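There are structures below to look over.
In the two complexes below, chain A is the common chain; its partner is chain B in one and chain C in the other.
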Partner chain A sequence: MRPLTQAILYRASQAVLVALLVGMLTFLMMQALPGDMAFRIAAGRYGYDAVNAEAAEAVRRELGLDRPALAAFGTWLWDLMRLDFGTSVISGAPVMDEIRHQLGASLQLAGAALALSFLIGPPVGILAGLRAGGWLDRTLLVVSTALRSVPQFLMGLILIVLVSIQLGWLPAAGYGRPVHFVLPALTLALGLAAVSARVARDAMAAVAASPYYAFGRWKGLSEGQLLRRHGLRNIGVTLVTYLGLQFAMLVEGVVVIEAIFSWPGIGHALVHAIFGRDVPMVQGTVLLLGLGFVALNTAVDLTARWIDPRGRGAGEARS
Partner chain B sequence: MSELLKATDVSVHAGAEMLVEPVSLALTAGRPFTLLGETGSGKSLLAQAIIGTLPAGLAAAGQVTLAGRALDLARRDGHRALWGRLIGVLPQEPWLSLDPLMPARAQIAEGHAFVRGLSWAEANAAADRDLAGLGLQEAADRRPDQLSGGMAQRVAFAAARAGGARIVVADEPTKGLDIGRRDEVTRLLLDEVAAGGALLTITHDLGVARRLGGELAVMLKGRVVERGPAAEVLAHPRHDYTRRLIAADPASWPQVPPRPGTGAPVLRAEGLSVSRGGRRLFDGLGLDLQPGEIVGIWGPSGCGKSTLGDVLLGLARPDQGRVTRGAGLAPQRFQKLYQDPPSAFPRCLALGRALDDLVRLHRLDGARIPQLMSRLRLSPALLARRPAEVSGGELQRLALLRLLLLDPVFLFADEPTSRLDLITQAEVTGLLTEVARETGMALLIVSHDPELLSRSADRVISLASPETAGPRLRHQAA
Partner chain C sequence: MFRLFSSAAGGALILAAMTGTGHATEGVLDVVAPFEIKGADPVTSGNIFIKMDVAETLVNADAEGQLTPGLARAWTVSEDGLEWRFQLQPDVLFHDGTPLTAEAAALALSHARAKPGLLETAPITEIADEEGALVIRLSKPFAPLPAFLSEYRSLIYAPAAYAEDGSVREVIATGAYRVTRLDAPLRLEAEAFDGYWGEAPAVTRATYQAVGRAETRALLAESGDADYVFNLDPASLARLSGAPQVEVLSVSVPRSLLIKVNGAHPALADVRARQALSLAIDREGLAQAILRYPAGADQILPKSVSDWHSDSVEPLAFDPEAAKALLAELGWTAGPDGILTRDGQRFSLTLTTYPDRPELPLSAAVLQQMFAEIGVEVVIDSTNSSEVAVRHGDGTLDIALFARNFALVPDPIGTFLTDYAPTGDWGAMNWDNPEFTALIEDLARGEGGQAERERAIEILQTELPVIPVAWYQQTAAVSTGVAGAVLDPYERTIGLRQMRWAE
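And now, the complex of A and B:
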C-alpha cells in the first residue's frame, strides 16, 4: 500500500506545518492586539475594578512579558515539543485540562448536530435525487435555499422564541441534561442539513441518471436493490468528503451558537481567552483545532479511499 | 423454431411527430434479427420501444407479445417485470454500464441472487461459472477500471443474462470497438443464438450484420425500407438506400491508385521510440512523408496510433529518435484533423464566425472559403449555424476546410470518420484523399479499419505488437 503510506506521511507533515504556522500566527496576532497585555491579564485574574498599575507590573514580572517576543515564542515551541501546552495565565490551571473540558462540551454539541443533520439531510437528498425534478426535489430546493440564507444566530433566536418562549417545550439555554442539546444542535443541524441534502441530491441524481443505474434496472433489480447495491456506495465519496468539510464549518457555527445558548464550549473559551490575552490558552486551543482539521481530513481521505479504491487517473490509462 | 417475442405495429412518436412508423417483427429462438441503419434512422428507438426503455418524452404504440403475455406499448409500466427475467439488455457502452466500484463477480451474481432467487453463495458460484465460460476467471475480483474494453463487454454480457433472460437485445454492441473485439462480440452473440436464445441487434456496421446473418431489416428515416434474410438482402439489395450503404462499406470501395512519392519529404521521422505508462508503444520507427502521399496507420485500441501523430506534430516528445520537418515550412502548415468534430469547434459560435476568426488571426485570404465550400460539397447556409446544428459529416468537412485554409503540407487525421455513418465516412474519406492528391498535402490517416486503410492509402503502417498480430494488410510497410 505505497500510496496509502504516502498519503499518511503527507498529512503528518501537514500537521507539523499547521502547528508551526498556527503557533506563530496566534502569537503575532496576540502581540499586535491593542492595549497593555499585562494589564489585560491582571484584569482577567482579579477583575477590572481591582486592577492598578502595580498589579499589572507584578503580572509583567511574573510572566516575563518584557522578554523579547522571539524568546517567548521559542519557549512555547520547546514546551510544545515536550507536549506541554503550558498553563493558563489567568486561571493558573494547565491549558490541557481547560481545553479538555471545554473541547469535550463543544465536541458533544458538534457531534449531536452532525448526527442530527446526517439523519435529515442525506436521506431527504437521496429521495429527492432519485426523482430529480419531482415535487420533493422542487420543495427541497426552496426549503434548503431558505434555511441556508438564514444566518445561524438568527435561526437560534427564532428557535428560542418559537420553541422555548412561545411553546415552552424546551429550555432556552443551559448545559448538563440531554434536553439542553436539542435546540443548539437543531439550530446547527438545520443549516448543515440544508446543504448536505442538496449535495446528496445532486450526487444521487447523477448516479440515478448513469448508464450503470439503468443497466441495473435492465438486469432485473428492484429500485430498493438498486439503491443499496449501486446507489449508496457511489454517492459515498461525495457525501463523506462533504461531511468532513461540514465538520470544519461547524466550528465556525459552534462559536456563535455557544454564545447564544450559553454553552460552555471551546468557542466560548476562545473568545474569553482572547479578551484576557491568555496567550497559552489561545495558542493551545487554536493549535488543537488546527490539528483536529488535519486529523479530520486524514480520516476523510482514508474513508474516501476505502469507498472508492480506484487510483487517480486510472480511467485515463486507456481510452 | 419457436417464437419468443412478437412485436406488432410498433411505432414511436414525440408528440405529434412520428419518429418510427409502425413495424412488426418476430424474434425466434436460434435466429438472429438485425436492425441496420444510420444514426437517426430510428433503429434504436424501435428496439427501445419494444423492450420498454424509451427515454422520457417519447411515446410508443403497438403491442408486444412474449411468454404468453401481451403488452400494450402505450403504457410504460409493463416492462419492468420482464427485464432480466425474459429480456436481457446488452448496454451500448459496457464500461460505463458497469458499476465503477463493484467487482465483476458481484455485478453478475446479483442477477442470479435477486432475479433467480439463488442464495449469495450459489449466486457467486454461478457468476464464477459464467466468467469461466467467457474465459474471464481472472477478472472476477476486478473492478471495471481494471478491465479492458473487451473484458468489460463480456462481463456486461454475463451480467445482462444472469437473470436467465433468453431474449438478448444488443444496441450497437460493437460501437467504438476495433475489428478484433468486434468479431469477438459478434461471436458471443452468435453463441447465445446457437444455445437457443433469441437476439435483436441494432447496428450501423455492415460487417456485424453480415456476420450475424439471420433476418435483417434496413431502416431509413424511421421506416423499414427493406427486410429479409441477411445474406440475400446484402447480396441482392433491392432498395436504393441499401445499395448505397453497401457501396459505402470500405470493403467495396475502389482502390485508390497508388502513386510513387515525389519531391523532398515534408516530414521525416527516424528511430522513434515512445512508451506510455511504462509500456513501450513502438520502437525504432522510421517514416518519410512526401508531398501528396497518403499513409495509413493501423493498430488495435491503445497501441499508440494517436501518440505517434502527436509525436510527428511535435505535440509530444519521443523517448528516442527525432522528427525533422521540411526546410522553410511554417509550423501551422502541419495540421491535425480530430476524431470528434463537435469537440473541435467552439460550441456557441456560428461556424462562419469561427472561420473568420482564423482568417483574421493568420491574415489569410477569406475569399477562398466559398470556393473550398463548393469543393467540399458544403452548402454556404451552414456558416450561419452552430456546430450542434449541422451533421457530423458536415462538421468534419468544415474542420477539413478550416485547416485547408492554412495550406497544410502535412495532415494527421486521427480516426477522422470513426464517429460518422458509413455513407458519410465514404464521402469524407474520399474527399480527404482527393484533396491530398490535389494540393500535394501529405496525409497520415489513422483507422482501426484495415479495409478502409488499404483502399485509401498508398501504404499502411501497422502498429500491432507481435502478440496481437493484426489482420493482413495490403501494401504493408513498416
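And now, the complex of A and C:
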C-alpha cells in the first residue's frame, strides 16, 4: 500500500474512534453533571424569571427525560449513523443548523486571526532570525514576551478602548459586517504572532547558521535567492506544524474573545449548551470539534510531506 | 523581505483607513441588550420581539401599568365574570400579508396556553372566535386576564408561523417592524413593515444585538456603535453619565431583591427568627455599595408600583441589637466562635443563589457578613437558577437570594397569586396564611380594592415569608442622535416605533 493512502486510512480510522469516544464521554459527562436535567433545560429555555416546577415537568414530558439513559444513548448513536444530529432542546432548531452558524462564525474568526498572525509573526521572526542578536531580534524578544503575557480579554478591552473609543475607527463589538472582524481577529492574532514570530526566528537563526546556508552564499546567491531557495523551505515544516498547533490553541482563545466582542461562536454556544443541559447540541459540537482536530492533523501531515519530500522518498523506498 | 513586510503593513493601514469612515451604519438604529434570542417562539424570546416592535399583544400597558388597547381595540366581561369578549382592531395585517382574524388570535393564544407560562395558570376553559370577536371563557372570575394577555408570551403570530406540533417556524407577526434576518442567538435585523396598521415609524431600519457582557454593552454605547443600550452595570453607569454623546435613563422597576425563607426550617419557623434576619440587614448600605443607587427595600415593592406599595406599614428597619435580642428570646446563645447555638444545633443556613445576575453572588457575600454580625452562619451556594425551584420542591432549601420580577404582567396580582397564595417556587415556602390567600384570591376575582391590597402588604411585612432587601432600577444609555426613546418600568417597550433621528 502506498504510504499516502496508508496515512489517510490511519487518520480515517482515528476519526471513527474519536467520534465514538467523544460521543460516549460527552454523554456520560452530561449524565454525571449535578442537578435535575429538566429544571436546567427549563432554566435555559425560559430564563430565571419563568423557570418553575411546572415548566420543568412540561419539559420532562416533552423530551421524555424519564427514559433510561442507555436508551437515549442508543437513539443518539443510531441517529448519528444516519448523520442526523437531532434538534437543540433549548431553541428547537436542528443542531446541524446551529453548529453551521456558530462553528462557521468561529472558524471565520479563527481563520482571519490565523491569517493576520501569519502576516505579522513569521515575517518579523524571519527578519530577526537572519540577523540573530541584532536590534530587531532583541526588540522582538521584549515585544513578543510582553504581548504573550497580556491576557487576551485584557488585550481585547485595551484594543476596544484605544481603537473604538479613543480613535473611533472600528466598531467596539458586534457581528454581521466585515469591519466587525478586525478587532477580535487582531486581538487573537497579536497573541499568536508573538509566539509564531519566536518560532520562526529560532528556526531561521538555526538555518542561517547552518553550513549549507553559508555554502549558498559562497556560491554567489543573493540574500533574496538564498532565503527563497534554502531558507523558507527549511523553516516551512516547523512553521506549518506549529501553525496546526496554533489553530487548536485558537479554539481556546476564541471562547474568551467571543464573549468580549459578542461574537456568535462555538465557544459561546458550547458554554450555554452545557449550562442548559442541551445534550444534542453538546454532543454535536464536541463531535465536530474532535473530527476537526483529526482533519487538521491530517492537513498538517500532508502539507509537511509536500514541503519536505525527504520523508516521502524514504517511505516509498521502504515499501 | 523588507518589501514584502512593508507592503503587508501598508495593506493593513489602508484597510484601517477604509473602515475608519464611520462604523455605525447610517439610518439604522442599533439596539443592544443582554437577552439572547433563543428562537422564534414567543415563549422563549417573545420579550425581544415585543421590544423591537416586531410583534404585538392584544392588550398593551402604559408606563403607569394601566392597560391600553393593543391588537384588541376594546374588551368587555360578562356579568358573572366568566366570559371575556375582545374586539380586534380592523385592517391589521400580518407580515406575510394575511389579515388578523379572531380565529388567528385564538390559535396563537391556544398555542401559548399549551406551553409553560402565565397563561397556563389562568382558569381558562375555552378560547374561541365568535362573530368576529375573540371570546375567552373561564371556570371562575379572573380579573387580571387582560393583563395576562399583555405579557410577551401571549403575543399574536399568524397561523402560518406555527408547525403542526405547535412549535414556531418563523416570526410572522403584526408589528411596525418585520424581521429581515434572524441570526439566533445574538442578532436580528428588521425594517419598517409597509402594511402596518398603526402610524408608520420614522426610523425605517433597526437591528438588535444581544451582548451578554455588561462592560461590552457600555463600550458600545460609549463608542457610538449602539443607539439604545439596555441594562448597564453600576460601574459603567457612573462613567457614561459624564459622556456627552449619550443620555443615561434610569427608572425604578417592579423587581425586588428578596430572601426566600423556608418557613418549616427549625431555626426559621418562628416569625421572630425571620424578623431578626430582617433587622440584621443594612439595606441602604447594601443597595448603595452593590447596586449603586439608594434603593433599600423597606417593603416588598417600591413606591412606583403605587397600588402595591403601602405608606401605612411600619418600614423594615436595620437594628442588629434588636435582632440579637429577638434571637436570645428564642433560646439561642453565642457559641465559642460567635455563632449562635441552641440544643447543640448551630444557627447555620445555606443560601442558594445564581450568578445569571452578577449582583446576586456579591449581595449574598454582603448578607453573609451582616448575618455573621448577629451570630448566624451562612454558607453561599451560587448555582443554577433552577436549583431554587428544585430545592423548594424537595424541601431542602434553607434560604435563597433572588431577583423577582412582579410585573411579568403589568398587574402584580398574577405574581402574588403564583408565589404567595400560599406558596410558590419564587415566593413563600412552607408558609400558609389563610387570610392572605383569601385576600389575593378575592382581588384576582376582581373583588376588593386598595384597603385589601394594603392589608395583604401588611401581612407580608409582619410575617416575612420572604425578606425584602432592595428594589431594582433599570438603566439604559441612549445616543443623543436619537429622540423619543423610553425606558419602560414594565420592560415591555423601548419606544422604537416612536423614535426618530434628532436634528
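Details
Criterion: the second predicted complex is superposed on the first by the 310 of 319 C-alpha atoms of A that agree within 3 Å, B and C clash if a C-alpha of one lies under 4 Å from a C-alpha of the other, contacts with A are read in each partner's own complex, and residues count from 1 in each chain.
Please note the rule applied: contacts are C-beta pairs under 8 Å (C-beta built on N, C-alpha and C of every residue); 3 or more make two chains touch, one makes a residue touch a chain.
Model, not experiment: these values are computed from the prediction.
Superimposing the complexes on chain A yields a three-chain arrangement in which chain B and chain C fit side by side.
In the superposition on chain A, no contact is made by A:M249 with either chain B or chain C. Of the two partner chains placed by superposition, A:A71 touches none, neither chain B nor chain C. For chain A, the partner touching the most residues, choosing from chain B and chain C, is C. The vertex angle at chain A, taken between the C-alpha centres of chain B and chain C once both structures are aligned on chain A, is 160 degrees to the nearest 10. Shared-chain residue A:K219: touches chain B; no touch with chain C. Of the two partner chains, chain B is the only one that A:H230 touches; chain C does not reach it.
In the superposition on chain A, A:A12 makes contact with neither chain B nor chain C.
Once chain A of one complex is fitted onto chain A of the other, the partner contacts of A:L25 are absent, as it touches neither chain B nor chain C. Taking all C-alpha atoms of chain B against all those of chain C in the superposed arrangement, the shortest distance found is 18 Å.
Residues of chain C that touch chain A in their complex: 1-2, 4-5, 8, 12, 15-16, 19-20, 23-25, 36, 38-39, 41, 43-44, 115-117, 120-121, 167-168, 183-187, 189, 207, 209-213, 215-216, 219-220, 222-225, 354, 356-357, 383-387, 389-390, 392-393, 402-405, 408, 418, 424-426.
Within the complex, the chain B residues that touch chain A are 53, 80, 83-85, 87-89, 91-93, 96-102, 110-111, 114-115, 143, 145-146, 148-149, 156, 159-160, 162-163, 165, 277, 301-302. Chain A meets chain C in the complex at residues 35-36, 39-40, 42-43, 45-46, 48-56, 58-59, 90-93, 98, 101, 119-120, 123-124, 126-127, 130, 157, 160-161, 164-165, 167-179, 182, 224, 227, 259-264, 268-269, 272, 275.
Listed in rising order, the residues of chain A touching chain B in the complex are 210-212, 214-222, 225, 229-230, 233-234, 307-310, 314-315, 317-319.
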